[in-house]
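Below are two complexes that have subunit A in common, paired first with subunit B and then with subunit C.
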Partner chain A sequence: MTIQDTLRSADPTLDALEARVLGEIAEMLRDVIGEEYVVDMEITMDTSFNEDLELESIEFVTLADRMRVTYGDQVDFVGFLAEMDVDRVINMRVGEVVHFIADSLRAGAKGA
Partner chain B sequence: MGRILFVVPPLAGHVYPAVGIAGELTDRGHEVAIAGHASVVRPLVPAPLRLVELPEEITSGERAEIEEKSRRQRGTGSFKFLWEDFLLPLGTAMARDLEPVVDDFRPDIVVVDQQAVGGALLARRRRLRWVTLATTSAEFDNPYGVMAAVGQWVDDRLREFQLASGVPAEEAGRGDLRFSDLLTLVCSVTELLRMPDAVAALPPGTVFIGSGAGLRQPLADFPWSWLDPARAKVLVSLGTVTRETGGRFLRVAAEALAGMTGQVQTIIVAPPGIVDDLAAAAPADVLVRDKVPQLELMGHLSAVVCHAGNNTVCEALSQGVPLVVAPVRDDQPMIAEQVTRAGAGLRVRFGLVNAAGVAAAVASVLDDPAYRSAARRLRDDFASAGGVAAGAAHIEKLLP
Partner chain C sequence: MAEVVANGVRLHVQRLMPSGGPRPDAPVVVMLHGMVIDNLASFYFSLGNALADAGCEVICYDLRGHGKSERTPSGYGIATAMADLSALLDELGVDRPVHLVGNSYGATLGLTYGADFPERVASLTLIEPPFRIEGLGEEMARSLTQVLAAISDEEVEEWLTYSAGRAVGRIMRSAQSLLRDTTIAEDMLATAPFSPDRLRALPVPVLAIYGGNSEIMEQGDGLARLVPDCTLVVLERHTHMVLREAVDYLRVLLRWWLLHRDEQMPQYTHRGGQTFELADWVLSRSVPSDLNAERRASSASGDAEGPGDASPEVPVAAGATSAASAASSGVSGEQ
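And now, the complex of A and B:
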């Protein structure tokens, strides 16, 4: 990761909720992938699940479980993935998931 | 006596189990042939078995290009690459090239490797009885997980593949070319699947036979007297994983194990030039061989470090040997997950783990008896599954 990538993680276009979610997702990903891998890798909105993180499909199952623990039923990550086509799944970046989670949380808060 | 034709893709790991079962059927007096691409398959087919050579559709230059591209594939993207760039074009060529083979050999049964979908397509088109041989259990353990789109994409491409080759839509919709509706033999045990969901979801006619190890080429020689009965023996092998890709990992693993010489002797399967210096520096502790008699060696081992190729994993577990697995791509992450889920080993990251990481994993697997106990429980499951003899018996039952 370059300095530019690190700077982008403090993206001024992110609101407080999105910035918080990015931090939470990065933590979950570190946990799923294992420490020796991402010790010095900054996970940003631009990080690709496939190319950068080499996340295997079975690891998405673990990620989905972690999200359920953190966000409960408000965030349906499995449903989100189910609606994607194959190229979108393969090219998916962390930012897309952060926006999806932030939107779900906002919708949940409004509904409550 | 029956006439049985095996159809294999040019992938070594898929050829060994076919040869194992074909050898068993030959011993039982059947007329058996293996159809495949000589450049890859010939060296793996021992003399008593007949090889029917398919035209080498892909030149060695093109193959090198595909291999080069495949080396960069990781994660979920590797599924799409495998089918789109390799298996489906191969299937089209094989369905065509197998026509004259079938006319000539007139098989009673065609045993088709699960990834050689051209063989299944031809059998369906010609209304031949066909059996699927799955040399890995990944497809039976929901390998796509929550990435349903990837699984659906593969299903759709395979349906299109049938339609494009003249299979009527109604028939194409009835069955997937990866699963015979007559019999699907799987080289694994159900105890490795995600229980109980995966077992309940198995297609009808699916039989798990355990390890596909059987007939092989004459054994590689091995300096058996080198083994020290007082120390634990660890084998490091990346099977048939492209060797350049594995160089870094082999080096890291060798360095890790060379540092454990008090307790461990290490056998590393590696081509010349990667770890020879480590063996030269510690000739009583580290042995480097280009090839080893893996099945015979397995009984002497306390642990295996490998890429989670299904054959090596099944051979290790069949003899109760725990593993450290470093999956690279395709089905290997799934097989690695099976090993760790069963408690029979630990996973490390192939591309990123360092020597300290490998050393810690190997030390855990050697020192904590839980890994060996889990591997021994699986050894019993593999024994009851019956191996290539069971596979051969199931095929025999389908003969006219």
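And now, the complex of A and C:
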């Protein structure tokens, strides 16, 4: 599945920025997990890191690292994760991360 | 940078900074996780981001053989771990004394590093350190053998294959191969006991944290008696897994210890429990007799089955700090 496929299947209520971020995170997740079961899985805003993706905690660390490199200082992942318990992190849905990143990017663009 | 070659081994490192970067005088905090069923994720999610957000520069790394660091066939003794840490600090260009925070065997590593290289250490936070003057290595190795026995059990194999789920399965398989394919158990057996004289001369402030219900809680008294500057905190109702159980308070406590030690120590208030990705029996090394009963029953009655069907009887819920504690119980040698 390509980013374009992901975009076509994405929630139509998403704006362009959110749809783009969702596509990028879906690709990162497929790469981090690197197993067959995730190749054809549709990753949406409702996809759970724990129940749907069965992500191991160290893989979430790798994902956060990729996101930090991709989105840079505009997105404060340290602050985002600082007050969360690990079970809260792993039980998040992809959409929570997408919204956080999109909001941060929008705020950064305004501030620039 | 996520990978650093130090002391000839490739180490996975996560360096966490406050938004806008750390101040030049910010405490540098290095996290040392527990052995075998653990990796840097336990500290990353419990204290790492929280302390970075509070203004510290935080370094989490996977110990040799653990997490995403290189798994060498040998080199798991404490002297090599000390050399790995020194080389890592050199490679990262850390030239200030660091605050070491260790959990379980990671705390044992921290205490040893503080005694060996006091000039490189600003403070030690030891969470549930197995601490003995004699027989520490034997105790840890015996405990490791128990872990291997527990995760090699036939019932456990069946559970891993059909019920455990991917995340838990990966953690357990990794621990199995670390114990089977490397010299970690025999290397830990060779751990030398702590020298009372060296600990009496330890010039580094120590914060030691134990759970009131931990089997090794009484070892904290011996530590506090020997180390000149030791603040001993015992958290009632908590166990060896205090890092995952009392993370909210530990975040507050560590912020005080690292940033506001001139103020009064924050009071502990107990909060509710949490769920984690490893089942309690993994942590306590006692395989329940009915581990696969539910799956077999549903299988016999023709319900869906197969790899990945998580049995509701087995709590494989979320979370990851679990890892910290597991190894921990693996090496603390309670019995």
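One rule holds for everything that comes next: the second predicted complex is superposed on the first by the 97 of 112 C-alpha atoms of A that agree within 3 Å, B and C clash if a C-alpha of one lies under 4 Å from a C-alpha of the other, contacts with A are read in each partner's own complex, and residues count from 1 in each chain.
Simple rule for what comes next: contacts are C-beta pairs under 8 Å (C-beta built on N, C-alpha and C of every residue); 3 or more make two chains touch, one makes a residue touch a chain.
This is a predicted model, so every value here is computed, not measured.
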First (subunit B), second (subunit C), both or neither touched by A:16: neither
Contacts of A:85 with subunit B and subunit C, given as first, second, both or neither: both
Touching partner for A:34 - first (subunit B), second (subunit C), both, neither: first
Partner chain in contact with A:56 - subunit B first, subunit C second, else both or neither: both
Subunit A positions touched by subunit B in one structure and by subunit C in the second: 50, 54-58, 60-61, 77-78, 81-82, 84-86, 89-90
In the complex with subunit A, residue positions of subunit C that touch it: 2, 14, 16-19, 39-42, 44-46, 49-50, 52-54, 62, 67-68, 165-167, 170-171, 244, 247-248, 274-277, 308, 317-321, 323
Subunit C contact footprint on subunit A (complex, rising order): 50, 54-58, 60-62, 65, 73, 76-79, 81-87, 89-91
Partner subunit B, residues of subunit A touching it in the complex: 33-34, 36-37, 49-51, 53-61, 64, 77-78, 81-82, 84-86, 88-90
For the subunit B and subunit A complex, residues of the former touching the latter: 74-77, 79-80, 143-150, 152-153, 327, 333-334, 337, 348-349, 351-354, 357
